[in-house]
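What follows is a set of structures for review.
Shared chain: subunit A. Partners: subunit B in the first complex, subunit C in the second.
So, the complex of A and B:
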């Protein structure tokens, strides 16, 4: 929309648009940043083609799902440090259960794995609710346990799944420029998140994260809202673990470990406030794609990919600082 | 039960927290169609009783009978469902949701809320606005309207008028009266006796966790009776009048300048504030909600950095970049929200000693004996209730405020900035705090005092300035600073008399 278009709008809708911008900076800022990063990538690597796009989508898919898992809990005012281990468990379950099966069998096993994820989330939520131990401690501990469980299920990387199943994410069904991984991402995130955010449940989760006392006094069962957030986190983590099987073709007991922290990085960059109640799920998903682009760009630029972590960390600091400055600037009005 | 007209009946409610017995035998009967005041000094058990009625706490013993049925509420949701809805001093609205979403959250119909907001004189509210973006006063009225819209059996108003401008408070009272006319019941909690006498039918008085009496407000001398019940026989002899007289005896208008503020600017909030505070003087600041008073106090105390203008403390330039700078210059702040200044999980002694640690010339070990004796002195001087001394968060609001004052007494200061120091504090403790403020001023300190309750300005100050839209619009002597003239000036009108400008 050009500047003139905006000015010709009636002031009411301009005010609404401005308010939307102010409340959802990530929804505008993140796509802009991603587009800029894509342009940069094409400039430094003119040969960037459909294959590179597919690799990017494959790398981003598990991270995006990890970010979704983390985002739901953080929006509800908590934190989940067991996202990575939950992904590992789902990953090794998929790798070992699906190795000799058919496509339909793999789909059925997926349902079971999602159920396991939901149960893991439920366990986290119940422990937080009943024990009143801080959620950082609870999820760190359950994360340790689940990390061990993953190693018990599968000691070293192996297993596999039917090719047709892997192709749900690894293939290109419609066009080589539309990787299945992207479609898979949009479909599963939409399928899990849309019913939540469109219902009273979403309202409860946001209210609980924004101000637990005010929500409690408004008659919200805040314990229930937090419990549900952990269950959704478990489901997203299981989806992430299955996605790892699809993108790597195997199961590996330590495959999920890095996703606890990189998922947190993605939600912070994607505009979810660590103090809860603010942000959504689109920002974190785009941030996950952006973060997956960094190591690729470094390879294109012939720079040690280990600089990726440094850049990722710097990006987080900049985003968090910008958020802080924006808040104090607004406060002075 | 219906024949006696009692809708809510509370018998022998008890509740303890560790070693502190907050309630031991609370009784309360609410009839249909009455506004019933719940009175008591700080720590008498009022807020505990309210939390039991609204399902926040569960009682250790006793019964709650609502419409003839014994009830136990395990959560605020259950109490709301049964028809007990409360409006607290801090609005129970979720900041990151819109107004409309907050109404859905509490399962209240938006049109009903709008109807009540119209009655309160707020008809142009955008219900898609985020709660975070709305002014505090508006939020309190929305919270009130939301409670009314849920059509409760018992409406519980906890300090609803604290820091509410007088015109809006009157609006709230009008609605409460109309609410009573249709046979509804209201439990009203307020520290302002004038409101209680004009609005309420009966008052239940709590002292030390027990109900000590029920007063018919229509009876003659009901105010005095409530005060004497609240304070107990012994303290009641020291009447309010005596305290007021002693407060005024030491006015001083010719001391040297302790604080000289010139043309102070901060964002849009302060647009050139100038005034002078003399040593030995208590200068009152009066203003309606949001006229720059918070920013003014924050700028002087170093919580915010002012943009333009100058502040001189005892003749020396003061441009604090941090509260520590102001404290070093002897300028200290007592905020309205006690918990902003305190470490809630630490003991009284640690909290009181905290500011002293900042003054250490070296990084060596703390001189414990010296520290301890100074803190103990301050605690004794302020008569702080030390039953729950291990954790400040378990003290009542008035005692918490005293700990903040004790901190500055123990560390030493020259100029005291008091920002609404008695918000939500009972009458007895209020008078103690004002008497202390006067005493500190006559000992050669200077005090800048903002109070949202206008009668208190005339009570405790020598002079008063009135802020309006980030400027000082009037300055008057305390003798002229009655509620009417302050209110006129605070609304940007010329006070009927006594302006010095």
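So, the complex of A and C:
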């Protein structure tokens, strides 16, 4: 997305549109897939109504934010295995800080929690740079540490937040067919990601992820770009944790654990290349909604919803293999 | 390492650092000694022959995890499915104990073989990144185990006496039985990595895959064998682990994922492949086990323990990266 926006000269609209589609297959494929999945869902479960839509949006919101957190770092050429535990930390922070507060108080606490997320991201980025340990190991370890922090803040599930605050995601303000969770997702992701991707910063992140050596030799401060990517990832993780509080109503120290892996699944399915530099954030978000649809569909089909995890794992592997085949096929042709 | 550095005079510090850089195993042993000294300081009189045999008993599962992880990481990969495989194999063993202990053990190891095979096929033949592949198979295995466990609610999981003895008791009250599993594996892997063609190929593939392919090495065979071995070893570690805890659940080995990677990294094997060996990982596993008991002695809450454990791992890995760079 970003590279197009920045490179594009005065639009020769059709050519530009075609080039855009060629470069961003996920932006066409993912919505098409989502629509197909929705049609399938309605067929197997004709009673699919506004309530089911709301549950879907609630399930998808934290996962979509986890996917965003992961996508930014992976686009910059790294990986962050601490996304899930960071979400837990934000979740228990929100649950314990907001429990007796007002709506405005909850909003102020949210700002603080986002700051904590940014700091965590900064710490990850600095550790990767200074310690010379590979990012997989650093984030695996910081994730382990954050798991301890979450347990330290809140030993067992509890706490809460003002109802008005929860309704920011859990309610339906405009119409029962437009869940607030969906609006929240679009607004929040837009607010964090658009300024980055529209600015030089986005270009730097993509350039660094695409070819670190080439970017460095072209004068890109690659260390800075990676650091920024980790900070943004931390903010997204914190948002995901706050979203968990909104959707579950409480804080729980292990609530975020599954989102490290599911978030990775979402970005892989959503067309972000794990070698960096390729993909955007829309694909992963739609993939997150798709992944959240799977357990619901399994229930509608009378299949054990726990197979959802199996399907998720299978999907990751198949998508990556298909991507590999496509690449080698393109290289040959 | 840093401790050794401080205690010597600046003039000789450089000589010592150079020596440690060339003999990293000595640096690791020093670090191990420092932690053991730490335990002795916190509670004098703790370090006895009994304590040493207990430490070996607890270190064995981690050591076996690290064996598989070492093989895989030497090829430039990583296996993030080891914890799920271990929990799964232990659960399969416990729920099928009524069919006979050997069958139950074989079933558990079979799970490791299958997942390792899937990992190997994906990584070696389909060229999927190891991180994604093992993550995917880990998710799949975990999901299957959850479904399986819900069908198994009726039958009570039971750990066979043989497995309990293997994971929790000692010969003559001195030599842990699980050492009889770990030691041969360790000897075999150290020997194979140093002396056998397969071992040298593991290093070669990790060092430069393209060069290996050009030289006519069937790289896929090397990778496939490494991942299959890693899967089976993880399953074995899970079986010993469940013998020690005597209670089987699906998150049994979850806390072993980080240590399995950390023991190898601290032991000096590069995650990019081609450098390191299993003897370092063994000491890495011992260091982590001693660290755990040190933290337990400190009598602090579980969360603080987790935070300290992670931070110390980061510090050690960073120091090691500095030392060998």
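Following the convention adopted for this analysis, the second predicted complex is superposed on the first by the 315 of 333 C-alpha atoms of A that agree within 3 Å, B and C clash if a C-alpha of one lies under 4 Å from a C-alpha of the other, contacts with A are read in each partner's own complex, and residues count from 1 in each chain.
Going forward, a residue touches a chain if its C-beta (ideal position, glycine included) is under 8 Å from a C-beta of that chain, and two chains touch if they have at least 3 such contacts.
On a predicted model such as this, the values are computed, not experimentally measured, just so you know.
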Applying the document's definition of touch, where does A:206 land relative to subunit B and subunit C: first, second, both, or neither? first
Answer with first, second, both or neither: which of subunit B and subunit C does A:183 touch in the superposed model? neither
Is A:126 touching anything from subunit B or subunit C once the two structures are fitted on A? First, second, both or neither. neither
Broader residue contact with subunit A after superposition on the shared chain, subunit B or subunit C: C
Using the superposition on chain A described above, determine whether A:107 touches subunit B (first), subunit C (second), both, or neither. neither
Partner chain(s) touched by A:42 [first = subunit B, second = subunit C, both, neither]: neither
With the two structures laid over each other on chain A, which partner does A:215 touch: subunit B (first), subunit C (second), both, or neither? first
Look at A:141 in the shared chain and tell me whether it touches subunit B only, subunit C only, both, or neither; answer first, second, both or neither. second
Shared contact residues on subunit A, subunit B side and subunit C side combined as an intersection? none
Of all residues in subunit B, which touch subunit A in the complex? 54, 56, 75-77, 80-81, 86, 88, 91-97, 101-102, 104-107, 128, 130, 266-268
As the complex stands, subunit A meets subunit B at residues 16, 19, 23, 200, 203-204, 206-207, 209-211, 213-221, 277-278, 332-333
What residues of subunit A sit close enough to touch subunit C in their complex? 79, 127, 130-134, 136-138, 140-142, 144-145, 147-152, 155, 261, 264-265, 268, 274-275, 304, 306-314, 316-317, 320-321, 324-325
Under the definition above, what is the set of subunit C residues touching subunit A in their complex? 78, 122, 126-129, 131-133, 135-144, 146-147, 150, 257-258, 261-262, 265, 271-272, 301-307, 309-311, 313-314, 317-318, 321-322, 325
